[in-house]
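Two complexes are shown next, each including subunit A; its partner changes from subunit B in the first to subunit C in the second.
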Partner chain A sequence: MTDLAVDVVKRGKRPSELFARDKLHSSIVAACLSVQTPIRQAELIADTVCNNVLGWLERRPEVKSDDVRRIATKHLTVHHPDAAYLYEHHNIIL
Partner chain B sequence: MAQHTFDFDLIVIGSGAGGSAAATIAARDGKKVAIIEADVFGGDSPNWSDIPTRALLHVAQVYDEARHAGRFGLRTTTLGYNYPSIRAWKDLAVKRTGAAGNKKFYESHGITAIAGVAHFLSPNEITVNRRHLSARHFLVATGSHWITPEIAGINSVPFYTPRTILEAMRPPKSLFIIGGGTHAVEIAQLMATFGTKVTIAEKASRLLPHQDIEVGQLFEKILSEQKGVDVLTHARVLSVGKDGISKRIVITRGGEEKTIKADEILVAAGRLPNVDLGLENASILYTAKGIEVNEFLQTSTKHIYAAGDVLGHDGVIGSGNAHTALLQSRIAAHNLFHRNPITPDYAATPELISTFPEIAHVGLTEDDCLKRDLSIKKAVAPLSIVARSNASDFRDGFVKLITDKKGIVLGGTIVAPGAGEMIHEIALAIKYGLTASQLADTPHAFLSWSEAIRVAASRLS
Partner chain C sequence: MDILTSLAVITLAALVHSSFQLSVSVLTLLSGHAIGSSRSRSRLVGLTTSFVAGSAIITVLLLSFLAFVLSQLFGNQPPLLLWSVVCGIMLAVGIAVWIFYYRRQKGTSLWIPRGMAEFLRDRTKVTKSSAEAFSLGMTSVVGELLFVIAPLLASALILTTLPPLWQLLGIAIYAVVSLLTLGSVWVLIGSGHKLSEIQQWRESNKYFLQFAAGSALIVLGIFLYVFMVMANSPGGM
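Let's turn to the complex of A and B:
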């Protein structure tokens, strides 16, 4: 799947940016690796979650970064609850 | 202190019954209003639900009555139908509502109408088509959608919903309906009248499980004996799959598995509120069952209200009806801009099922009274008891009244031709605390179906 032309509104006064699948993919892989998931499995999970998020974004030209995180967490929870917890709370944990 | 400036006084998200009334009222009061619609302007009721279904059922009823009019001396051998023409009639009925699919309808009321998906960015700001709009107040009236139940293989076969089946080019040869609620029964009768072999599978012990037991039993009899519908109660659908050009449905009933073949499947297994619009960004509390509101229809964010199907409200009498959404919309419009908030009164909100005969209900059912541990009296008057039944040669129906021990009317159910009109007499009685004696003492016109209400009331007085 290619990137959709979706604007992601960032928190605070930071400017909006275009949704980047690779960025989301990398962050999910990183969350999975942090909980000792094998790299190939982490990539497969990230692929699935990214596809789910892209499906959700199809009818939405503009969303907040919090929305992307929330939807990604929802789908990641199905595949890897520990990674989902880390992904959701990484701002607080790190 | 500097005041915030907003693009609008009120943004209404959703142009159905829950949104349009509030938008119109606010605009009439001189407020600057915008209405956002993600689907078709007018919402579900005029476009995809009440109006088109009723228009098709009207044709089916006329056809069915004419087909069986030989007993009155009419010649009916050449009677037939042309389904594309029937669909054209349905489209005309939808168009004539004015609100259906018509953005200009709202603009003519001074409302800025925008087509697009609304998404909250903050409590006072939404984005629609990358355009940021702010408002002092919001009303969320995004309605609900048909759910796809968790059945193995359901996503691998095409299936109808009560919305999409209305657009079918012709009635299918055979139809398997998952669910035995209001829409399922309406469509079962519609399709069976036009010759479709219909099977209904319902998990509960009867059709229309939210109505009084007599209603479900009577309709099971009407559908099976008069229309040849197979009614499978206590049935759970295990899986669906393709079988050539047909579909194969596996059900379990009474501990036994059974396979049924049908040309088409209709999934009418319930609806869920549309709550995926970034409500978190506006700090609005909600669950998958709907947005949480207080008695004034105010959400957890004070300047944002909600009305209509998006509230869910499984237990609220009349929820899911266009007239309940309209009532909530009017209440929300008042509460949004006035200091003396008012609450909706659902006690006398009628429910109507557009079958033939019609089913109408108001107030409490017998099951509701049992759950509340109320001591009640009840009476059922069959339609066959009134003179009109003889003159029209029609006997399938009844009036059921429920009162408390003092005789005050608590609820009523009518199955009769014109039940939708008759029910308002009982609704008035409930709203104003009348007794069954007062209903019985009121003259009812000879040869009207309403005489059955008098008979039922007199049995309780």
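Let's turn to the complex of A and C:
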């Protein structure tokens, strides 16, 4: 599936940017690898979660980055709760 | 205060230092990025070892620097006023830790300037070499200086009252004990434990650690005040 023309509003003073599937995919793969998931399995999970998020984004012209993370976490929890925990908490560890 | 009691106080102060969590948080993030970007296990161990080494070195440097400055200014018998000030700082920081060490939200966000937190978060993302990890370890201790200064000051002041060889032992004890928590997390990560389990444990126990650190600082402050100020003041105990 290709990228959608959806603006992602970032937290703080950072400028908005277009939604990028690859970026979401990489971050989910990274979260899965952090909890010792094999690379192939991590990529499959990331594909599934990205497709779910893209489905959610279809009718939305603009979303907050926190919402993308929330929806991705919701779907990731189904496939890998440990990875979902790390993915959700990544910004609130420090 | 005899040598054994002095070393015991330094050990307790180092335990308080050890319970502060900024370095552990940064180490967790650093490991997450290293594993997430498919770096080899030896690379991960190299980065985390350098990080811990950086934390250890800056802790030793800070303690030695403070002890040196204090001994140059006040010799080996610091004035009662200085003891009182340090005890006051310990009580104040202890209460501050009780009230707002962790931010009241999910996760393990700490009450440090957000600019510093953003800086550390951004640096962990781009840290690829051992030298960068080493300096990140140093920075993470400096970033928490607002809290760490209390146990460091108390230990430095006690060190000035010890004979030179015992001072070295005191510094070594402080360095080793203050790294207990960070060292434990380093061992867990190096031995392949899941980061999610480590982070979940930290989040579940964060208020206990906060309460323990604050309480220990307050108890230590009161102990030093009674032992060093009240006992030595004219007409004292």
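The rule is short, and it goes like this: the second predicted complex is superposed on the first by the 93 of 94 C-alpha atoms of A that agree within 3 Å, B and C clash if a C-alpha of one lies under 4 Å from a C-alpha of the other, contacts with A are read in each partner's own complex, and residues count from 1 in each chain.
The rule we apply is simple: a contact is a pair of C-beta atoms (placed from the backbone, for glycine too) under 8 Å apart; a residue touches a chain by one contact, two chains touch by 3 or more.
It should be emphasised that the depicted structure is a prediction, and the values quoted were computed from it without experimental measurement.
Visitor: Quick one: is A:H89 in contact with subunit B, with subunit C, with both, or with neither? Answer first, second, both or neither.
Guide: second
Visitor: Check the residue A:R60 against both partner chains and state whether it touches subunit B (first), subunit C (second), both, or neither.
Guide: first
Visitor: Could you let me know whether more residues of subunit A are touched by subunit B or by subunit C?
Guide: Comparing touch counts on subunit A for subunit B and subunit C gives C.
Visitor: Could you say whether A:L44 touches subunit B, subunit C, both of them, or neither, answering first, second, both or neither?
Guide: A:L44 sits against neither subunit B nor subunit C.
Visitor: Please indicate which partner A:V9 is in contact with in the superposed arrangement: first for subunit B, second for subunit C, both, or neither.
Guide: Only subunit B; A:V9 stays clear of subunit C.
Visitor: Does subunit B (first) or subunit C (second) touch A:R70, or do both, or does neither?
Guide: In the superposition, A:R70 touches subunit B alone.
Visitor: Taking the complex as given, what residues does subunit B use to touch subunit A?
Guide: 38, 117, 119, 121, 127, 129-130, 278, 280-281
Visitor: Please output the residues of subunit C touching subunit A within their complex, sorted ascending.
Guide: 22, 25-26, 28-29, 31-33, 35-38, 105-110, 112, 117, 120-121, 192, 194-197, 199-200, 203
Visitor: Quick one: in the complex, what on subunit A touches subunit C?
Guide: Going through subunit A, the ones touching subunit C are 29-31, 33-36, 39, 82-83, 85-86, 89-94.
Visitor: Under the stated contact criterion, what part of subunit A meets subunit B in this complex?
Guide: Going by the criterion above, the answer is residues 7, 9, 59-64, 66-67, 70.
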